[in-house]
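Lettered A, B, C and D in written order, each chain numbered from 1.
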Amino acid sequence: MSKINRFKYRMSKERLEMFSDGVMAIAITLLVLEIKIPSHEKVETAGGLYNYLTKIWPSYLGYAMSFLQIGIYWSNHHWLFSFITKTNHVFNMLNVLFLMAISFVPFTTAIFSDFILSHGHFNAAVTAYCTGLLMPVITVCLVVFYAGYKRRLMPATLKQSFLNEQYMKLAMGLLMAIASVALSFSYPVASIVIIAVTFLIYLIPPTPPEYEEGAIIQEQKHH
Amino acid sequence: MSKINRFKYRMSKERLEMFSDGVMAIAITLLVLEIKIPSHEKVETAGGLYNYLTKIWPSYLGYAMSFLQIGIYWSNHHWLFSFITKTNHVFNMLNVLFLMAISFVPFTTAIFSDFILSHGHFNAAVTAYCTGLLMPVITVCLVVFYAGYKRRLMPATLKQSFLNEQYMKLAMGLLMAIASVALSFSYPVASIVIIAVTFLIYLIPPTPPEYEEGAIIQEQKHH
Amino acid sequence: MSKINRFKYRMSKERLEMFSDGVMAIAITLLVLEIKIPSHEKVETAGGLYNYLTKIWPSYLGYAMSFLQIGIYWSNHHWLFSFITKTNHVFNMLNVLFLMAISFVPFTTAIFSDFILSHGHFNAAVTAYCTGLLMPVITVCLVVFYAGYKRRLMPATLKQSFLNEQYMKLAMGLLMAIASVALSFSYPVASIVIIAVTFLIYLIPPTPPEYEEGAIIQEQKHH
Amino acid sequence: MSKINRFKYRMSKERLEMFSDGVMAIAITLLVLEIKIPSHEKVETAGGLYNYLTKIWPSYLGYAMSFLQIGIYWSNHHWLFSFITKTNHVFNMLNVLFLMAISFVPFTTAIFSDFILSHGHFNAAVTAYCTGLLMPVITVCLVVFYAGYKRRLMPATLKQSFLNEQYMKLAMGLLMAIASVALSFSYPVASIVIIAVTFLIYLIPPTPPEYEEGAIIQEQKHH
């Protein structure tokens, strides 16, 4: 009986991972659709196609930044699931919330790209972009804290020190994301600096999960 | 011979699940494309970008509601396939009808979000949204009733009492969805209440399938 | 050495199937994006949202027809790969041509839906739709004939009679699709009848592949 | 311990392949969305729907060219991963850069299709298209050189001669892509010739990876 249950859990986790990969792959690819193809009139107004394609550089910047952000989330999601070894209904729903936040990024990116250069809308464009990045941070915190609470969906042999370190990193990421939104209303440049710093931190490879002595044998049972 | 057939069935089921996951992942992600990026004129008319982004709150609501609905369908589809263990051509086609209904949700969601605030179109916007939610319910009923009829595509050892319970839940969901569409023409607020209630019911975790005594050994043969 | 090659071939086939499933899942879901969200002005001109949503029935018809067509192609593609057991570079490229034809269907469907009701464009709308359906037929013929020629990518034990039957069906489907395009310029209603008939034929479940005596043991070696 | 690490690496590689397949499948299918559905006014101006559909032939050409290009990249990506047997964080990020370049192709294709016939914008349209093709070449070079440097992510038994041959081909492809962009500003027709030639070269099937004597046994350990 217990064997079959474990098997079911593992399948569930795999399908959850694949669905998440699918949604992240689509959200990342939809970013390009937010770079609009200009009408011939717009191109003439801009002084030709070369000029137009140069002028819309914020669209390229927004595309590249958001693509990398979602790419890093995809990479980290994969790594998270190396020590989240089970799932349940609540966890599935929290993961759906995370995907909802990721899928929203193309919208806030397009707002950022289209309005960052109009000085009257600079602050609002940065607020939109930072809010778009805050929501995945909030939801990924929910996912990890729910899975980690009393090792609900993590192996008992996972080292507490390793888990504490992850909690610390997530809390810091959350604080920085909140700060970037809060500052954007008055000091949007400060928000951009925070995003750039967060971005560099995320590029650091994640540490592999650590297990207690004898964990290898224990771990086998979870598969 | 029979071994090979069973293998083929299982493969088929897996590919059907993966295709369904793919379509649901795409439909859920396309929701964001229905939130339009405004022109600079529209933003000026709305009194600035902050005002504009606040004014389009129905778009965020529609996005969140439909994302969760499709997310719940995805989760339930996964659970359904823990006791639908075989497929056939008719079943594949019924599942395609279900996916057709799910993929249509971004359209009815956009109609809802864009017209819910214009009082002359309030009823029609709710009718569109409720119809968009009714169609997946109808098609999921077809899928389950077809698979369950005389245990066509379900193991013989699945408890009848468990199956009856699922039929009852589906019939109730169908009635509520029909009621929400019927009421929307005159009492759209009542329809919204029904949708909210259905939504909360769906959040309850599904019960795991129950099998007759000795079912575990029988079950192994189906894999 | 030969063992590793066989393994590589099988992997290749699986990834080709998954890529094809992905493209078909996306093409089928993109159909909904071709149903445009109307502006408030358009809705007022149509006499309200209820009237507008009724008036655009060709969009729903086009959506449903093309969704089912791609769904049937997906189902048949799966069945084809139960007896196409190997792949090579040329075959991969022919399959890419098939996917190119499938991905084009949302465009011809949108042309059909948007122009079928304007009498001046009725013929052209039907020509566009029929051409959109002809191209997948042509490319699926290329895929099957290439794979079947001298059993290039099919097991030697597959019955010739079974293969001949498939060739016959494909040739007939091709003739009907060509006829529907040719007739559309002058007799578009005849084209629509042909499409409806083809559609009903496609709904018939495909016959399982037949192998020579002793084929089961031979077949194992291909995996 | 080392066994578990190897296992983790293999999983990682599989998920990276699947994510890449997903992004490429989506990018290839989004190409069709860049072929715009005309308004009724535009169709009347063009002299009817038949005339309009004929007039937009560059859209079909752009669609077909880019579809085949991404299809060939997908096929080659698969082949690359037959001898890239491990992954790491930096490699994941480089692969994300490659996917970012692939996902951008629908934008440059749409620019090409929409402006290639307006003589004033011919050069710029070709520059855009060639730049769109240059970026995947640059990033695929980064991916392969990073994985191959000191056999970082490739088996030690892979023949150096085979690897050198691949480096040579990549370097040549890179030079041709740079030349096509450089020439496009003054001699866009020369750029088109280079693209056509590159395209034909890419159609040649890739050679299977070669291993040192006794490599088969060594290779097994990597799985």
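By our rule, a contact is a pair of C-beta atoms (placed from the backbone, for glycine too) under 8 Å apart; a residue touches a chain by one contact, two chains touch by 3 or more.
Note that the structure is a prediction, hence the values are computed from the model and not measured.
Touching chain B and chain C together: no chain. When the partners of chain A are compared with those of chain D, no chain appears in both lists. Where chain C touches chain D, the two copies mostly use different residue numbers: shared numbers make up under half of all numbers in play.
Among the remaining chains, C is positioned farthest from chain A, on the basis of C-alpha centroids.
Taking the mean of the C-alpha atoms as each chain's centre, chain A and chain C sit 36 Å apart. Taking each chain's centre as the average of its CA atoms, chain A and chain B sit 25 Å apart.
Residue positions of chain B with contacts to 2 or more other chains are 18, 22, 26, 30, 33. The set of touching chain pairs reads A-B, A-D, B-C, C-D, using the touch definition from the header. For chain B in complex with chain C, the residues that touch the partner chain are 1, 4, 8, 12, 15, 18-19, 22-23, 26-27, 30, 33-34, 36, 88-90, 92-93, 96, 99-100, 103-104, 106-107, 110-111, 114-115, 118, 120-121, 124-125, 127-128.
Within the complex formed with chain A, the chain B residues making contact are 17-18, 21-22, 24-26, 28-33, 35, 37, 40, 43, 48-50, 53, 63-64, 67-68, 71-72, 74-75, 78, 82, 203, 205-206, 208, 216, 219.
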